[in-house]
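Okay, so subunit A shows up in both of these, paired with subunit B first and subunit C after.
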Partner chain A sequence: MAQDVLTRVPASASAGAGAPRRRSRGHWTAWAFCAPIVIYLIAFYAYPLYRNLDLSLRDYTVRSFVRGDAPFSGLDNYREVFADPAFGPAFLHTVVFTFVSIAFQFAIGLALAVFFAQSFRLSATLRALFLVPWLLPLIVSASTWAWMLNSDSGIVNAFLGFFGVEPVNWLTSPDWALTSVIIANVWIGIPFNLVVLYSGLQAIPAEVYEAAALDGATGWQRFWRITFPLLRPVSAITLLLGLVYTLKVFDLIWIMTKGGPADASTTFATWSYRFSFGSLLPEFGPGAAVGNLLIIMALFFGLLYIRFQRRLNQ
Partner chain B sequence: MRMRQHLKTGLGLILTAIMLFPVYWMLNVSFTKDTNMRADPPHLFPYDGTLEGYRAVIDQQLPYLGTSLIVGLGTVLLTLVLSAPAGFALAKLRPKGGGALSFVLLIAQMIPGIIMAMGFYAIYLRLGVLNTVPGLILADSTIAVPFGVLIFTAFMSGIPDELINAAMIDGATTWRTFVSVILPVSRNAIVTVSLFAFLWAWSDFVFATTLDGGGDAQPITLGIYHYIGNNNQQWNAIMATAVIASIPATLLLILAQRYVAAGVTAGAVKD
Partner chain C sequence: MCKGNPNMTTFRAAAALALTACLLTGCSTGTGAGTGDGADAAGGEYTIWDPYPQFDGSSDWVKLLTECGTGAGVTVKRTGYDTTDLTNKALLAAQQDNSPDVLIVDNPVVSTLADAGVLTSTDEMKIDTAAVSPNLLAAGQIGGKAYGIPIGANTLALYYNKKILDDAKIDPATIKDWASLTAALQTVKQKGKKGITFSAIGTEEGSFQFLPWFWGSGANLTQLDSAQGVAALDLWTGWLKDGLAPNSVLNNTQTTSWQEFAAGDFAFSENGTWQLANAKKTGFEYGIIPIPSQSGGTAPAPTGGEFVTAPVQSDTARYAVTEKLIACLTNADNALTTDTTLSYIAATDAVQQKQVAENKELTVWVEAVKAAKGRTSDDLGTKYPKISQPLWTAFQAALSGSATPADALKTAQTTAASATK
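For the complex of A and B:
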């Protein structure tokens, strides 16, 4: 079944396109089956998003938030956010966090996928074990990493000290906080990249490699001339989906550093949360405004992903 | 040749050990005595260990675990009820506008949870369902429902049309066909969706902290979070709670490995 869903998807999609249109008698029945999900999407996706947009366009105080009579303030919240001295750093951290995480996750995931694609004893079992970090609740991974990176008693500093490296204040120094959350995030993201790229490798026909072997290609040549180009569509999908997922990482950063120290690891996600929930005097307007900027970034890569996906299936 | 096989297995074992080191460290710390916690260098094995951390879990964290279990099961139920019929319709009945619906679901998956949480907060405050279990179940289901529909659609597309036509010729209504023909053969998809819905609800922190941070019924993710916040000296208790909170993920991997891999990839390679 593991492979079933995968192999079946493209097959069924093409069958669907070629099959004659089903009778329209079922049109209303079909929508009756979809009715719950449509109502659900409107009530629990569209409406919260609308509320969020509304929040970002009004001047809320705690009292008017409860009563719901905040005055309309246009784009004031957005202006306030853009003018905030924290905007530049938060934007930069979001970009660095996302792209550096993705680069390492992808490179390590691809190397592991190529390694595990060779058949050797235990390869399937070990590959399954690699999924563990992805399945653990984020709070578990985040708190474990927080303790491992503890300045005084963490195992990481103890290990580095063994090689004579001075203790690093991973989570409490502004120079290292962003690096620390990136390290933890790479660890969490490797399994996803490994599994998706591995399934992409499986789809490359063995004959291609056999032909290359006959022509005397070395392992390195095989990777750069065959594997890498043939894996390009799956790679694009993995990267874009990774971008969408990484942009919205909030739990990990909030649990490890709360975006600190001194905003050194604040991204849009944690910044937005801190506006709305991080203090006793919530600022819902700017919080929602930052959130909406984040949605725009996510949707940009999301739509690119969908375009690639469509092209791949054609 | 034989030698190279062994070398590869050896390398694989080493890589896996490195990757899983944080998990081992969590276990190790959960058994470490408070007095040894700050030892320099840290103890690599929990010799002279303690079960104090786990005792603290049993004393303090059971209600949190109970809440998480209820929230997880509730989310599974809600997700299945919403996504299975929709998946069937999109795969087999193919209504006009079905493509648009699939598109909306794909987009829905990409909206950051933290933003959904803000919208939910504004709505829940007005409705008075903040800090309630049903409120949290509803919010958590938004993580799993789009994924559920996509999995069901992909899976049910593979069910032969003859099976449906045969049932229809026998006079079964579409609903009957769905319930007594389609659902029984879709067991694998149901398992996959249920597993992920449960796991995501169990692991959720974003919705829990925004929508359920103040009530009596809080999930285990908040249990751990409060621990970190309050007594950040008792790391054996924190890590013991983390170990217990990881049990569902571990069980899932052992019992349903193939479904897990399917779910991960389906998230990326589906249409």
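For the complex of A and C:
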């Protein structure tokens, strides 16, 4: 590299006429360097998105799927999805699932991050152990939760029974199913919030706290006046990523309740899956339409984040 | 000490992480055996897809496939998929004109694939289906044509725990209708044991388990909210309400429902032929009775089991060998081996008789299979999935208490009617 620079400098100084040609070659080189990422983006992002959009705008039956001659049907699939009696509940469940999960994940994650920021004995070890939910494959954690919450032989009901509480049908009652999957999802999401917020806390200079202590700020004041405001950029990205992750949570719900009983815990993600793969007769069109609605929701929050970021920078 | 030595702390954290990670994954380094993709038209290689991933290269099933290939003068490349995965895999392969030569697929899927034009009919492929029991073949027939041949069949019956029934002084032979079954469940409950387990999960599996009761009431899938249909759902919800069946049935697959029964506290379990091998491992004496219908007699249970089908190929010259492969897989001797391996009942009378001669225990199952009915039969074909889904939503709603059986089935009928219009 160094040699390259050395040889090139005198050349460009002496021969000015050769410059445009070299620049155009440089142009191509630049594109060549860009090619891998462009190809990657097209193959793995643009094309699948286009296909999903295409699927949602055509009337796919099993027959036309195989033959590839599905007629264009405009927004019929979307109309069908919106008119479906399952749409309202699924939308509500998606919103409740996402926001309640995020609220608890963030609050508990922040509390733990502040707690661990004090680096006491064994704090690193404990913090590492808190990452366990993150390391577990979802199939393992979701099945474990399903066993624990089993109506008849689950440990949670056994524990409640110890205090004379009537058994709760966690996964099989329409009143509790959504709550149960939210509890499990909160547990899974805490480590992520903990890790990101903890690293955010490390970036806050200790002098600020010292100054606050000299001014006689209480612990509570230090948190609300210093930690919380200075953590705002990190919080924003944590919340945004959490939103996107939680919106599309599918496996956890599917393993624990299959979206049941009778749609009581169906979100857009499980609904979309059930359209496309959940019955003997796949309905790819409506399935793709619901998937696109999810993308739009995620996009909305992404734009919100960008606006927030811009305001923060001003 | 910890505070003063950052290296120590990091090390400890890393060790804790590594240890937990290790414990959780079992520190395994094994990877799944890779499978190549799809058919290679060149050379004498024929592909077979089946839904029996539990069998590996050393199993009788795979050995049979290899032998059949050798007999036809070709090599066989076999891939086992998960059942739920296989339908989509088959559709995608058909879309890419990359279908396997032989596809062994769950019977209610046959009509869907046939409707999509993916399968050849048994007329085109010259497969002899004359010996096959008509009620089994019906699941693969639409518009008067058959699109495959059953490799064997399984169905549902009631397993019972002998000791529990003896203690409660119940003679299983007296259970002939719903009333006597419910009475038996109540007696068992009074003795401090549990009644019956089944699977009422919100998937096709749940519908499969509900159908014997639904059909046993005399109801028809074209009219879900008939008085008979409501009676069948009343039976299930009544059991749950009276504590004769556990609330967990709403989330039970047939496997988890079996595990509950195998734990030894339940008197009855509605389960399939395929659990026979596991029944011997439970450590208690068991027996099997057919599922009773409402007014007495054996209720028609749905047939399970797979069809051997031949997907359409662009190179029709391949059909000749495919015919030989299918004939080999379904001939009497091989069918006996296969059905014994899979713990299925054969699809032909002759082989059924051999099975009973070898193993008396199978008599109940042979009777049950004879009374059984395909889910896609009655010319329902591809309409069945659109009826099954509202049906499972209905029993989930009724069992979880969010709707009465009558209301739940009324909603289901409306949904099904508009979907199958």
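The working rule: the second predicted complex is superposed on the first by the 269 of 314 C-alpha atoms of A that agree within 3 Å, B and C clash if a C-alpha of one lies under 4 Å from a C-alpha of the other, contacts with A are read in each partner's own complex, and residues count from 1 in each chain.
Following the convention adopted for this analysis, a contact is a pair of C-beta atoms (placed from the backbone, for glycine too) under 8 Å apart; a residue touches a chain by one contact, two chains touch by 3 or more.
For clarity, every value in this text was computed on a predicted model and none was experimentally measured.
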Greater subunit A contact set [subunit C / subunit B]: B
Which superposed partner A:A158 touches (first subunit B, second subunit C, both, neither): first
First, second, both or neither for A:T257, with subunit B first and subunit C second: second
Touching partner for A:L247 - first (subunit B), second (subunit C), both, neither: first
A:H27 touches, of subunit B and subunit C: first, second, both or neither? first
First (subunit B), second (subunit C), both or neither touched by A:F65: both
Which of subunit B and subunit C A:L131 touches, first, second, both or neither: both
Footprint overlap on subunit A, comparing subunit B with subunit C: 65-66, 68, 120-122, 128-129, 131-132, 135-137, 140, 146, 152-153, 277
Touch list for subunit C against partner subunit A, complex: 1-3, 9-10, 12-14, 16-17, 20-21, 24, 84, 87-88, 91, 94-95, 108-109, 112-113, 115-118, 201-204, 246-248, 250-251, 260, 382, 384-386, 388-389, 393-394, 396-397, 399-403, 408
Residues on subunit A engaged by subunit B in the complex (per definition of touch): 1-6, 8-13, 15-16, 21-22, 26-27, 29-31, 33-34, 36-38, 40-41, 44-45, 47-52, 55, 65-66, 68, 112, 115-116, 118, 120-123, 126, 128-141, 143-148, 152-155, 158, 161-162, 187, 190-192, 195-196, 199, 234, 237-238, 241, 244, 247-248, 250-251, 255, 269, 272-273, 276-277, 284, 287-288, 291-292, 294-295, 298-299, 302, 306, 309-310, 313
Residues on subunit B engaged by subunit A in the complex (per definition of touch): 5-6, 8-9, 11-13, 15-16, 19-20, 22-23, 25-26, 29, 37-42, 81-83, 85-86, 88-91, 93-98, 101, 103-108, 110-116, 118-123, 125-126, 138-139, 141-142, 145, 149, 151, 154-155, 157-158, 174, 178, 188-189, 192, 199, 202-203, 205-206, 209-210, 220-221, 224-225, 228, 235, 238-239, 242, 245-246, 249-250, 252-253, 257-262, 264-271
Subunit C-facing residues of subunit A, complex: 61-63, 65-68, 119-122, 124-125, 127-129, 131-132, 135-137, 140, 146, 150-153, 169, 171-174, 257-264, 277-282
